[in-house]
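Chains here go by letter, A, B, C and D, matching the order in which they are written, and residues are numbered from 1 within each.
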Amino acid sequence: MVLGLYNYWIVVLLMMTGFYIVIAHGNLIKKVVGLNIFQTSVIIMYVSMGKVRDGAPPILTDGVTLYSNPLPHVLMLTAIVVGVATTALALSLVIRINEAYGSVEEEDIHTQEQSS
Amino acid sequence: MISANLPALQVIIPLLAAPLAFLLRKPRLVWPFALLTTVLTLLVSIGLLQQVLDQGVISYAMGGWSPPWGIEYRVDSANAFVALIVSAMGAIVMFYAGTSIRHELPEHKQTLFHVAYLLCLAGLLGIVVTGDAFNVFVFLEVSSLSTYIMVSLGANRRALTATFQYLIMGTLGATFILIGVGLMYVMTGTLNMVDLAQRLPEVAETRTIYSAFAFVTVGVCLKLALFPLHGWLPNAYAYAPSVATAFVASTATKVAIYVLLRFVLTIFGVTFSFNTMPLGQILMVLAILAILIPSTVAIYQTNIKRLFAYSSVGQVGYIILGISFGTVLGVSAGLLHIFNHALMKGGIFLALGCLYYRTGSVQLDAFRGLGKTMPWTMAAIVVGGLGLVGVPLTAGFISKWYLVMAALEQGYWPLAVVVLAGSLLAAVYLWKLVEMAYFQQPDNATEVREAPLALLLPTWLVIASTIYFGINTDLTIGVATLAAETLIEGVR
Amino acid sequence: MVNLIDIVLMGLLLITAFAIVRMRDLFAIVMLFSIYSLASASFFVNLDAVDVALTEAAVGAGISTVLMLGTLAMTRRHEERRPRQPHLLPLFIVAVTGAVLIYGTLDMPHFADPAAPIHQHVVPRYIEQSGTEIGIPNIVASILASYRGFDTLGETAVVFTAGLGVLTLLGRFGRREELSDGRSMYHDMILRVIGKALVPLMLLFALYVQFHGELGPGGGFQAGVVAAAAFILYSIVFGWDRAQKIISPFALNIMMACGVSLYALVGVAGMLLGGEFLNYNVLGSYPAGGQHLGIFLVELGVGITVAAVMLSIYFDFAARLAVRKLEGE
Amino acid sequence: MMEQHLLLPLIVALPLLAAVLIRIIGDRPNPREAVTLITAAILLGLLGLLAGDIYRGEQPSFTFAEPVPGLPIRFHVEPLGMLFALVAGSLWLVTSIYAIGYMRGHHEQNQTRFFMCFAIAIAATLAVSFSGNLFTLFVFYEVLTLSTYPLVTHAGTPEAKRAGRVYLGILLGTSIGFFLFAILWTWFLAGTLEFRPGGVLAGTGDSILLSAILLLFFFGIGKAALMPFHRWLPAAMVAPTPVSALLHAVAVVKAGVFSLLKISLYIIGPETLMTLPGRQILLIVVAVSILLASLIAMRQDNLKKRLAYSTISQLGYITLGALLATSAGLIGGSMHIVMHAFAKITLFFAAGAILVAAHKSEISQLDGLGRRMPLTFIAFTVGALSIIGLPPFGGMWSKWYLALGTLEAGELILLATLMVSSLLNIAYLLPIPLRAFLGKTAEEDRHIGEAPLPCLIAMGVTSLACLLLFFFPQPWYQLASMAVLP
């Protein structure tokens, strides 16, 4: 069982690392990086599900019958795209926030908002 | 041909219109085009509801690939109802947007806003009509990203931070849903909702499905701002442009609630969600807290948009309370309140938009003597507010009545007390405004005039409908009950 | 021995992830992140997910990294050191979430187990039938563009939305500044030569990926990203003002809208010809032919939008940077 | 579906129409007041018309809408409602005459808003009296509360605002917290909120549950000013006197006790009510309320405050009648609505007249004023005697029947309570005219004359009414008995 599941567990570990960065760190850019790690790890999880022992990449070739599961790949292509889209938006927000507050640290921004 | 493709058109029309509107570039061209689009969308959703009521559930195979291999659009009374709410608000608010946006945004941003609006509409409708679990995620992102854009266009710099927070929380929520769907997929090998519903029972008693359930629920609750996961909502609503607030407040959370219903009732099924899993109890506790705490916080707000944002969190509590019973009566009460609250809050935020249009502020001070200077705007806020309180002859009363009945049906009479207490809290924060508006003299009565008709008309259209649906409830109660039954009975 | 590579890669992933948590130098963090996504890309190859790998490499290590660096250039480079209260609540939340997830994995079918339900239901048809139903070898492409083509339309819409969003936040929509950024490396001979040689190659590769996507790994999305990367490289070397002379922001706006529209219109065409939305069978004289045409067109749409959006986003960032420099002086 | 009787919505709409007209005409006083008077006159005529049908034993009804199936907004006039409507309608005319004299003599601000809200309040009162079910009654009960708020805070002073908060706080709080809850529970048990002779709750739950609902009703209807939820009434006395006279001696408070009578007659049902243990508790509360209020009244030096506490104790009589649930008790309660209304409004008119003419609000200042303004004080005396229940004034009848009711129920202690409270009435009411007539007039009061003519007319009419009610109680008695013994 351990052998059967260990890489799911590692993936979970990766996910949680990303998740932790997002909710624990005050630096907006670092948050975005964390978000990316989180999402990438989810992608790894899905793709791992699709793997079939001794399976070939899902590109039809004569003589090959056993392919890895292509569906997770498709889903994750979409997920990656969504990921980069979100990242781009988040980063441009960071830039604007930095222009408006002169900082990308949550604490600074918060104190400024309280004072204003 | 049209009628056969209605499910697809529901989403395609706004989705295709968005890039086309972007190509038009000039705001004075874009707005009429966008308005036309939203009206068409509304017509489609009316037709769709009609079709469902006549012929029952509609299944539409995207790309001609039959489910579960292709993506299925599956429309029953439940999501036809929600789609109608969304597209109706979409059309009315878009009409309002013409004037409001021209006033609130620089010219080169107006087009961008309208395009984002159309994308958001398409995204929300996509979530509602789809019958595919992963497709939900994709369109969730379409609607979320476009919502971020609209919110970020707010005048105050705090709109930016609000958007960022919203983006982080929203993405986390979506990713949680993605994880949950993945876990369901790995156990069943399918993404089609109906197929899932049929295959889950075999594997229902596995730890994987338990945690899948947990992740989906938490993710969705983040999206629907269930207390205490509502952190992103107040600022996002408070600092977004008026139109964005009105549209998002009346649709986005509602759609999220629909997603919760769809997953919990249709896919996992009532017995699993409420008997195997303690969903009912958890939701009930959170709902009670949501009704009492945010409504109390609302009382102390001086930014009135923020006040009503908190009130929204409270109102979501009512809906969730209804759902938490897991009974037909409860769920239909929830659906009713989705509809009624969409109207009431939409109307109120539109009215606040009128206020902002004239005074450039939504602070409490701006309400001084408003009863004299902007009688119609203020009256709209009051009527909408009475709805939130749940005064008879407003739509709000109907849903609360059913909610209380659902509670008593279960013998939970203390919950009736909670609901009434919530109404009292609502009465208090409404009273703050009334006292300011009607029993204070305006300090600068001279320049503040009533808002232009282009804003008042849609506002009052919505507000009047809250009265109408408080008196004639054949449509709402009928459809809501039907929808609740379909959801509860599920596909088995 | 496959497992060995697995373990090595996963180890690498873990190390980078943890390093990112500890690090405070944002520049290093971004670099580590790009390593992270490269590592995961190679991991995907190892899991037979070649398309995913290609995309992850292009996006994670490519576009995302560039954007993050751009952001750094406009903000500050270090995460502020401040008395860090122990993050107990986040730790708790993360621990609980992780625990639930681990708990969830316990009943999951084991890794790479061919008997797992996901390999038994739905997918077999793709593997067995797509050859005849769609008529192209790359199953991923078949599913992406046809079986689940509607997801991909949504995905393209997301990309478009992102472009729209960046435009809104940093944009120069409807405005024309004649800004030149001093950052161009025009005066670096070697880079210029390499650039001159590399850019056309990359564009060629992009075209290959675009149209070869049906046979081998690749497709509109990857192609779009590569093409965008080519221009980004060009504008890094020759300055984005020159790059803009080749493709004006205006043209980009048109392109990103046209791509999505093309995709959606293909679907509408399906409707008009009496099929469902995105039903390609009705497009051609015989189903497979229709599928070919349809997939070709939608992949093209995806490619155009993605390329345009990615490039436009980069331009927006670069323009912002230039504005800041001007204001700085 | 019974045939729609259009007279009912017309009657209720009439004052609303007046309100609109008043708003339009705004600050041109004479036509504005003309509107009020004319509408009031027409209204009275229509009510007379309707009363004819009722005496003929008809029970017309009108349904507006049915928001929730089985829960219509519906008017249905039965004798008791007719009785209340007649009282409110006829006194509106008189009070309007009085108000014109008072408001002008007193140079009040925002007179337009005043007359507008006044009209709305009347409309709400009529709607309450016509209500065909508990739901409708509740709706207009709340409308009445809200429409009278601006009248209470009319002065706009901080004190008035504070009083307004107490007013809203108690009335809304009790009605939403208890009353509405009781209604919900009734609906849940009985499946209907219609007013049905014999009561809809009869036999739907065990006596403990029904007692709980009973308590919720009696404390939830704060307008009945049952202690300890009475504080809003003295607070409301900051309002201009016509408001205190019509609304807080007649319309609002009577709407409360009227609701109680309806509930005891048609929701819980007299037979059921008598068997409930909750009734005993309430009877004690009422008895205490009656006596305590009288005692507090004696210690008030502010005339209007004293009258307010007197009202609280008098309302106790009616609540008592509703609780006794014996036929005589219910009849007595119903008739006391009428008798007390005419008597108490006379007292308030007098108090207002004194305020306008002599600018005096404290009883201790009244020495010798009787000789300066005899008519006012004669009217006051009449009202006082009627309240006390001495012949030849109407007040006697209702007390008589209430006494009979206590005997029927065999509650001798309550009988004693009534007697004692009558003595207390004497003790806190009669000294006032005595002071006025026998005390020696202070120097600076020499110039004081009678109040403006409209005030005098109004007082004359009401005190005459008190007298006539003694000789001709028949029409009212008939309505009451038609309601109680069908």
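Just so we're on the same page, contacts are C-beta pairs under 8 Å (C-beta built on N, C-alpha and C of every residue); 3 or more make two chains touch, one makes a residue touch a chain.
Computed from a predicted model, the values in this text were never measured in an experiment.
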Item to check | Geometric centre: closest chain by C-alpha means | outcome: B
Checklist entry - What whole-Å value do you get for the distance between chain C and chain D if each is reduced to the mean of its CA atoms? => result 76
Item to check | CA centroid of chain B to CA centroid of chain D, Å | outcome: 46
Checklist outcome for this item: Rounded to the nearest Å, the gap separating the Cα centres of chain A and chain D is 71
Item to check | Euclidean distance of C-alpha centroids - chain B vs chain C, Å | outcome: 31
Checklist entry - By residue number and range, which residues of chain A touch two or more other chains? => result 15, 19, 49, 72, 75, 78, 82, 85-86, 89, 93-94, 96
Checklist entry - For chain C, which residues are shared contacts with two or more other chains? => result 101, 105-106, 108, 116, 118-119, 122-123, 126, 148, 151, 154-155, 158, 161-162, 165, 169
Next on the checklist: For chain D, give me the residues that contact two or more of the other chains.
Outcome noted: none
Checklist entry - Which chain pairs here would you call touching? => result A-B, A-C, B-C, B-D
Checklist outcome for this item: Within their complex, chain B touches chain C through residues 1, 5, 8, 12, 15-16, 18-20, 22-23, 25, 60-65, 68-71, 107-109, 111-113, 115-116, 119, 122-123, 126, 134-135, 138-139, 141-142, 145-146, 148-149, 152-153, 179, 183, 185-191, 195, 199, 203, 206-212, 214-215
Item to check | Contact footprint of chain B on chain A as seen in their complex | outcome: 15, 19, 22, 28, 31, 35, 38-39, 42, 45-46, 49, 72, 75, 78-79, 82, 85-86, 89-90, 93-94, 96-97, 100-101, 109, 113
Checklist entry - Which residues of chain C touch chain A in the complex? => result 6, 10, 13-14, 17-18, 20-21, 26, 29-30, 33, 36-37, 40, 43-44, 47-52, 55-56, 59-60, 63-64, 67-68, 70-72, 74-76, 79-80, 82, 87, 90-91, 93-95, 97-98, 101-102, 105-106, 108, 110-114, 116, 118-119, 122-123, 126-127, 130-131, 137-140, 143-144, 148, 151-152, 154-155, 158-159, 161-162, 165-166, 169-170, 215-217, 221, 306, 313, 316-317, 320
Item to check | chain C contact footprint on chain A (complex, rising order) | outcome: 1, 3-10, 12-21, 23-27, 29-30, 32-34, 36-37, 40, 43-44, 47-53, 55-61, 66-78, 80-89, 91-96, 98, 104-105, 107-108
Item to check | Residue numbers on chain D that touch chain B, as the complex places them | outcome: 64-65, 67-69, 71, 73, 135, 138-139, 142, 150, 153, 156, 161, 168, 172-173, 176-177, 180-181, 184-185, 187-188
